[in-house]
Structures are given as structure tokens and as C-alpha cells.
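Presented sequentially are two complexes of chain A, the first with chain B as partner and the second with chain C.
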Partner chain A sequence: MPTAEQTLNEILTLAAAHFKVPREKLSPDEDFFKTLGIDSLQTLDLLTKLENHFHVELPDYELQGVSDFRTLAGKIQARL
Partner chain B sequence: MLDLQKYSCLGAALRDALDRYSGETCLIEADRDREKTRLTYSDFKEISLPLARALEDADLDAGNRAAILMTNQSKWLISAYAIFYSGGVLVPLDYKLTAAEQLQLLEHSKAKVLVVEYYLWLAITQSPEFRNIKTKLVLVTEAPLGADLAGGFRWEDFKRKGAPDFVMRQPDDVACIVYSSGTGGRPKGCVLTHENYLEQCRALTAWYPFWPGVRYLSILPTNHAIDFMVGFIGPFVCGACVVHLRTLRPEFVRDAFVRYRITYVALVPMIVKNLERGLRAKFDELPPWKRALLHAQITANRVLTRRRPNVKLSRILLSGVHRGFGGELLALITGGAFLEPSTLQFFYDLGIPVVNGYGLTEAGTSLTLNDLKPFRADTVGKPLPGVELRILSPDAEGVGEVAARSKTVMSHYLDDPELTLETIVDGWLLTGDLGRFESGGHLQLFGRKKNMIVTEGGKNIYPEDIETAFEGLPVKEYAVFAANYIWPKKELGRETLVLVLRLDENQKLDSTLLAEISARNRRLPDFKRVAGYRIWEKDFPRTASMKIKRQTLAEEMGKSVEREAMAEL
Partner chain C sequence: MLETTKDAKVHERESGMQLAGQSAESALSWKLADGVIELALHRGPCNELGSASLEELEKFTTALQLMQEQAHALIIYSELKPGFCAGADLHELYRRSETMDKTEAVKGVRDFLERIHRVLNLIDAAPLTTIAAVHGVTFGGGFELALACDLIIADKMARFCFPELRLGLIPGFGGIPRLKRDLGNGVVRDLLLTGRSINATKAQQIGLVSQVVGEGEALRAARATAAQLGKFDRATAVAAKKFIKPIPYEELRREIDIFCELFARPAVQLGLRKFVESTDALPYLP
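And now, the complex of A and B:
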């Protein structure tokens, strides 16, 4: 099983590819809605990609209130 | 359907519906592509009565308040029925509010019981305000085994054997307390009676009936007036079926239309608009000959359905489009915010009418509705049966504040006699919305009373009206405000409009965008032009029904940005 840090790094790489931004622009603790200028519908698209990648399922409510990659990584890690 | 005139309360009507349609399917609940629950009316009764009995034993007496805080799912409706059966007053709470706001409304409503989903309860218990909670009984659904429920009980185990006593309520008794949006920190609890709901249901189903076999896809939050009526009361008293999805991921919603052959769905205008964008993008991807053929079919459909919809014909002419929606969709229902006439027309031309209307929580669900006889894209329809509308102090163009009188209008605001007196005057509900009647008795809306400007030439201008001039502007979102609405001014003077822009990810306000804004602005008559613009760095706050919380946004802007920071156009 990957470590929490590895999961976080993978998520950042996948998110950078998904939103077509340089990887270094994304920071684990920043508000991604703000950094990426995305809305909740766009986040759902990313979530589907992450689920397929990690082979987990995250209910919609898991994302409510989550606005940084570290917390998101924690939710995914907990299901690995 | 049931003859609702015979009933004095929702509980009695629902009770009879469960018996009359016992063999019909009433609820389907799916999580992604997995069906979790499928209940007949008889199953529904079997599950809800032991809960009603347990509520009775827990001293939920007639008139006691019980709140529901859940996403759309079968247990929402089962719990609501059990509450009505016991004579309780339902307080539907918005699951999208913060835990602190939910606690505030729980306290304001003085709810004795709370039915809540586990993860929402978890958030509440972690809120600092939780220590002040006064709710006596908390029922938590779907809690993991062994979870600490902080004094709550598992919903699934909260049942008692033995037939509960049905508690009859009178038409004037309170059925629900529904909190309307735009509260600005002052909770507005609309107190709605059983008569309000029975009347509303009768009027709506007179124009748009449900029947056994109809499948309504419930996406709008059930705590919202529209879904509560068309995703619960309406279908149930007609023996129809409600489909719940536990995820609102677009791909699963699309699948649900086809899998469950959905008949009706209610959507907020923003989603309808997204749907339009998606369809247009798909049409654009077609090879040129197919696109030309499709356009010819759409034109033919438009001509042939000019007077009224003809679903059978549209399904033949535009079979591909209709198959994508499951093949049995009759209409999209929308309300709660302004939807551009071009979007309404787009769907109508495809043979999928968007039934738009106008309503507010204070008036039950809906005051007007488009009856499609014929379809009018530029109005919000005609007053529903039993609804009287008046335009107060109309200006030279016939525009004034819309006032409504109907048996669907709420009794009062909870514990706020002052606001009630301001809002219901001599039996007329003052909506705060501006409108006028068009030919054929259709109501046209122009915006909110408060967010408007009067030009030096004495013309009333409504910012929401101006927004259509910027439709399709390549930015994430935008809104037009009366500058005085953002930066209140007490002195009389030149009133102006301001365009508030929220840019897309990585987007810069470059000269091209600015030129487009200026060009569009110039196309407006001079008295309607916006005077300036302001970039806003955050997503616009929105209500559960995705309406922009204009007051909140204006207040936030007013506090953090100086009027002088507005760039001139």
C-alpha cells in the first residue's frame, strides 16, 4: 500500500494533468478552488478520475467542505 | 389521483395513497449504477409505521416539530410520512448549509426531533455550537456499526411494534416550517399549513398530472419547496414513482434517465443551461451532413409543435435526442431563478418543453406556471388555479411589485410578527419581485425590487434584465448589480450599474475580453449600460437552488471593496 505522502503526490500529478496546469503550481494545502479557479462540478470530474486510478469509491459527501489536496488524499488513503 | 378536496391534512392523503396504490412502485433509490432500494407503496407503509409508532412512544405529539436534515433518499420521505402520521410539524433543513447554520435553524425552529444522515450529524457534533443543542431526540441514518452517535439513536433500529395512532390535523394546522433563502442572518421560517400544501398540489396536478407509471427523478434537494411538492407529495397522491440517486455525478445522472426511463425531472436553471451547453457541443461534433439533417429535424419539430407540444411526433422526429433522455421524458421542470428564453426555446425545439414557473417559499411552491398552450419563452407562465396576482403601483410600462393572494400563501413567518406584517398586507403577499402581465395573462418578471436603479430619465432598470446582454461572455460567472445595492447611498444622485466578473482558471482580463464587454455594453440603450466592472476573486455564493445569493455577494463586496475600485467602462 502506498504511503500517505505517495498518495498525495500521485493526486497532485493527476490533478495537474487533469486541469492542465504545471505540477509545481499545485500545493497540498492551498485552496484548490481558488488556485485552480474550479467549481464543485469540475471537482466531481476529477474525483471520478481519482477513483478509477486508486480503485476506490468516494461518496459525494466525502468531498463536501474539502478544498485542499491533503485532506482529499487523506480520504482516499483511508479507503485504500 | 386522490381527490384532495376530501382531505384535511397531508398525513391523511398520504395514508390513503399508500393503500390505494399498494402494489405500485413508489420509490427507487440507486447509488451510482447500483440499485439499493425499490419499494412499493405497501412496502413504504410497512417501513414507516413502526417508525411512527416509535415517534409516538417518544412523545412526538400533535404540533411538535421534527426536523429532517438529509440528502435526497428514501429515508427522507419515510421519515416525513412518519412525522405527518404522528401529527408532527416537519422542518426540512438544507443539507448544504454549514453545521453552525443548521444548528441555528434547529434552535430557531425549536425542533424536538431531528432525523439526520450520519456524516451530516458528524459535522454538527464537531461544531463548537453543538454543546448548545436542545433537540431531545436525534435519529441518525446509515451510521457505521459501533459509531459514536453523540446521544443520537440509529434510525434503522428506531422502531416499535404495534399500530400507531393516526393523528388527524386540520387544514389550518401547521404542516411545515420551511426556511427561505436570502435571510441575511435573520432566519425566515415560513409557516405553511396543510391547506397550503393540499391546495398547491391540487393546482399543480391539474396542469401537470402524475399517474402510476410516471417516474420522477429527484435531484433538487427535497428540503426545497419544488422537490418536496413534485418529488414527494405530488407523485405520492397520484401513485407515481420517485427515483433518488445518492450521487449527483453528471455521468450517473445521465445514465439514470435511460435506466429508469424518467418522465419528469426538476432542475435549477443553471443545470438546464449546462445541459444545453453539453447538447450543443455534441451537435457540433456531428459530421456536417448529420448536423444539417438534425437542424432540419429541429426546424420541422419547431414548426409542427408551434401551437402545443406533441411528444409523440417529437420522439419520432428527434429519436436520437429523446433516446439519450430515456425516451419517455415529457418535460423538464424549472424554477427558482431566471432562465434565458433562448435556453427554453432550445429545449422546446427539441420536443422537450421546459416548464418554467415562478414561486417563492412564502407561497408554497409556485404561483405561476407555463401551461405550454402555447409555449412562451419570454414569460414565467400564467397564475395557477386559485392564485390571484396583482401588480402594485405599476409604472408607465405596467411594471410593479407582484403581490399574490392564494390559499397556498403561508400563514406567517415563525416568531417574526414584524416581518410578517411587512410581507403579508391585507391578505396579499408582497413578493418583492417586479413584474407585469403580458398578453394572454402571462407574467413577465423583471427582477427584485430592491436591486434596481431608476435612471435620471425616470426609467426603472433591473440588473438581472441587463445580464442577458452579457449571456455567453467567456468568463466563469458574472452578475450585474445596482451600484447602490452594493455600496448603499442615502443621498439622491446618479444611479449606476456595475458588472461583477468572476474569471475562469488562469484567465486574465485582457484587451480582447474587455473589448467584448464594451461592445456588448454599447449595444444596450444608453440608459441600460453598465457604468463599470469589478473583478471578484471568489465563486459567487449560491442558494440550494443555485440562485446567486445577491444580497450576500453585494454585502461581501461592499465590505471588502471600495466603490472607487470599480473600473469604468
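And now, the complex of A and C:
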């Protein structure tokens, strides 16, 4: 099983590739809605991408209030 | 596949039948070629279903009844990037609830539901094999449109959801009876009562989706499936579908009644207002 830090790094790499932004522009603790400028539909796309990549099922109500990659990584790590 | 536009025009001239169509507002368009009807949805932002789209769907089903003897398959897909269909046009539903008195508003909603049920029942029972080729957001009424089809082929980025409970409503376009027809009751309760969305892989695991394909591949896979279906005897395929896929008319009627009873409550107007006026980054998430 990957460590929490490895999961976080994979998420950052995936998000950067999916939204076509340089990886170094994304930081674990920043608000990704602001950094990426994404709307709800794009957020769902990211959720699907992450579920497919990590082979987990993440109910979207668990994402309520989650806006930074570190918290998101914690949610995914808990289901690995 | 034959050159579709030309093929359709030739048939139109010879038969006097409209085999390709697109309305002025152009929420959707369709064409028939090689025995396959393709219905393309293209009303931004994500094919929300309101009065204008319904009128066009009604025109399509009228054309479908004329075309279906010459076809063995129907494919429904979206040409828009965000997804297949985000469901009912909630802004229109909110305006309807705001600008009319309550009795008129409920009457209008019932009329809308009865019309869209007629459309979906015709697609559900059509004597050809129907395929929803979906990607991205397939929510609410969009999910219900897909459920009216015989097969769902999903791009791996597709997502399915019944978010209606967060508005104080139930799905109103036939979703519950059709989901119950196709899946176990525990799954129906999960999707309905939690309002959570599921991805294509999960949807395939629970028996909702027949094929999961790569990103951007759903329409290609649907066309390949439709071509295969064309090899079978049509009368046999029609008989098999009729035998295996009963239309739950009684429950569909009951669903309209329950929806209208719920719609009359102030809680629904508040839920709709909250959605329409929301600045939340995640208004689609329950």
C-alpha cells in the first residue's frame, strides 16, 4: 500500500496532467478550486479520474468541504 | 457506414419520410443510416431537459415511429464535453415555481412529466434495440433517459447520479421504476436515498452498464454493437426485447403522482432556489 505522501504526490501529478497545468503550480494545502479554477462538473471529472486510478470508490458526499489536495489524499488513503 | 446525410436524403425523397432532422433551436438532431438511428444531444451546457428540449424530443419520437420499421438500432449520445445529460432544467423548474400560483405550477409540472413519460415510454418500448452511449455527467433526467434504453455503453469517465432528494423531490422521469426493473432493490435504495454519484466501473459491477470503454470511445463502441445487432433477424430481436423488458406503466404513473405531491411543498421551492442561487463550487454534489 502506498504511503500517504505517495498518494498525495500521485494525486498532484494526476490533477496536473488532467487539468493541463504545471505540476509545480499545485501545492498540497492550497484551495484547488481557486488554483485550478474548476467548476463542479470538472470536480466530478477529477473524482472519477482518482477513483479509476486508485481503484477506490469515494462517495461524493465525503468530498463536501474538501478543497485541498492533502485532505483529499487522506480520504483516498482511508479507502486503499 | 454509408454516407449518412446523402443516404438519409435519398430515402427521404423515395419514401417521403423524414430520416434526418434538426429543429430550429437545435437541442438535438437525428439521422438514419444502415438501419441505425443516431440521436445526438447538443444543448449547452449539458443537455438540460426543459420545455424546448422536450418539444424536440417529441418531434424525434414522432419521427422515430416512422423510421423504426427501417431500423434495427437506436443510439443516443451527447456531442457536448461535460457529459451525456445533467438532467432536468432546474432553472426553468424554479422559474415555473416562482412565477405561477402553486396550483398552476403543479399542473404545469404534471403536464411536463406526462409528456416526457410518453417520450421515454416510446423509446423504452421501441421495436428496435436502443443504446445509450454515455460519458461524463449522466445525472437525474439524463440518467433516466439512459435507463429507458436497452443497453448502456459508458465511457470510463461517465458518472451516474440521482440527486433529486437534495431538492426535496424524487426522480420524475421514470427513474425509480426503471432502475427497480433493472437492478436489485438494495442498489436502488443506495442510489436514491444517498444521492451519491457512481462511476462507470461501479455501474458495470452492479449490472447497470453493459460495456465500459476508454475515454471518448462510447459512440464508437455503440456503433460497433449496433452493427452486430443488424446481423440478427429483426422479428426475433423485437420478440426477445418485448419478452424480457416489460414497461412498468403502473409504477410510472404512481411516480408522477408522488412527484407532484412533493413538488407542491414549500421545501421544494427552497431547494430549487438554493440550487439556482448557489455559489457553491459543488452544487451538483449531494
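Worth pointing out:
Assume the second predicted complex is superposed on the first by the 80 of 80 C-alpha atoms of A that agree within 3 Å, B and C clash if a C-alpha of one lies under 4 Å from a C-alpha of the other, contacts with A are read in each partner's own complex, and residues count from 1 in each chain.
The working rule: a contact is a pair of C-beta atoms (placed from the backbone, for glycine too) under 8 Å apart; a residue touches a chain by one contact, two chains touch by 3 or more.
Model, not experiment: these values are computed from the prediction.
Contacts of A:Asn52 after superposition on the shared chain: chain C is touched, whereas chain B is not.
When the shared chain is aligned, no partner comes close enough to touch A:Gln77: not chain B, not chain C. In the superposed model, A:Leu63 makes contact with chain C only, not with chain B.
In the superposition on chain A, contact is made by A:Phe19 with chain B only, not with chain C. In the overlay built on the shared chain, the residue A:Thr43 is in contact with chain C alone; chain B does not reach it.
Residues 33, 38-39, 41, 44-45, 47-48, 57, 59-61, 64 of chain A contact both chain B in one complex and chain C in the other.
Chain A makes touch with chain C in their complex at residues 33, 38-41, 43-45, 47-49, 51-52, 57, 59-61, 63-64, 67.
Every residue of chain B that touches chain A in the complex is listed here, in rising order: 32, 71, 117, 119-120, 123, 246-251, 274, 476, 503-507, 537-539.
Those residues of chain C lying in contact with chain A across their complex are 46, 82-83, 86, 136-137, 156-159, 161, 194-202, 280-286. Across the complex, chain B is touched by residues 19, 21, 33-34, 36-39, 41, 44-45, 47-48, 57, 59-62, 64-65 of chain A.
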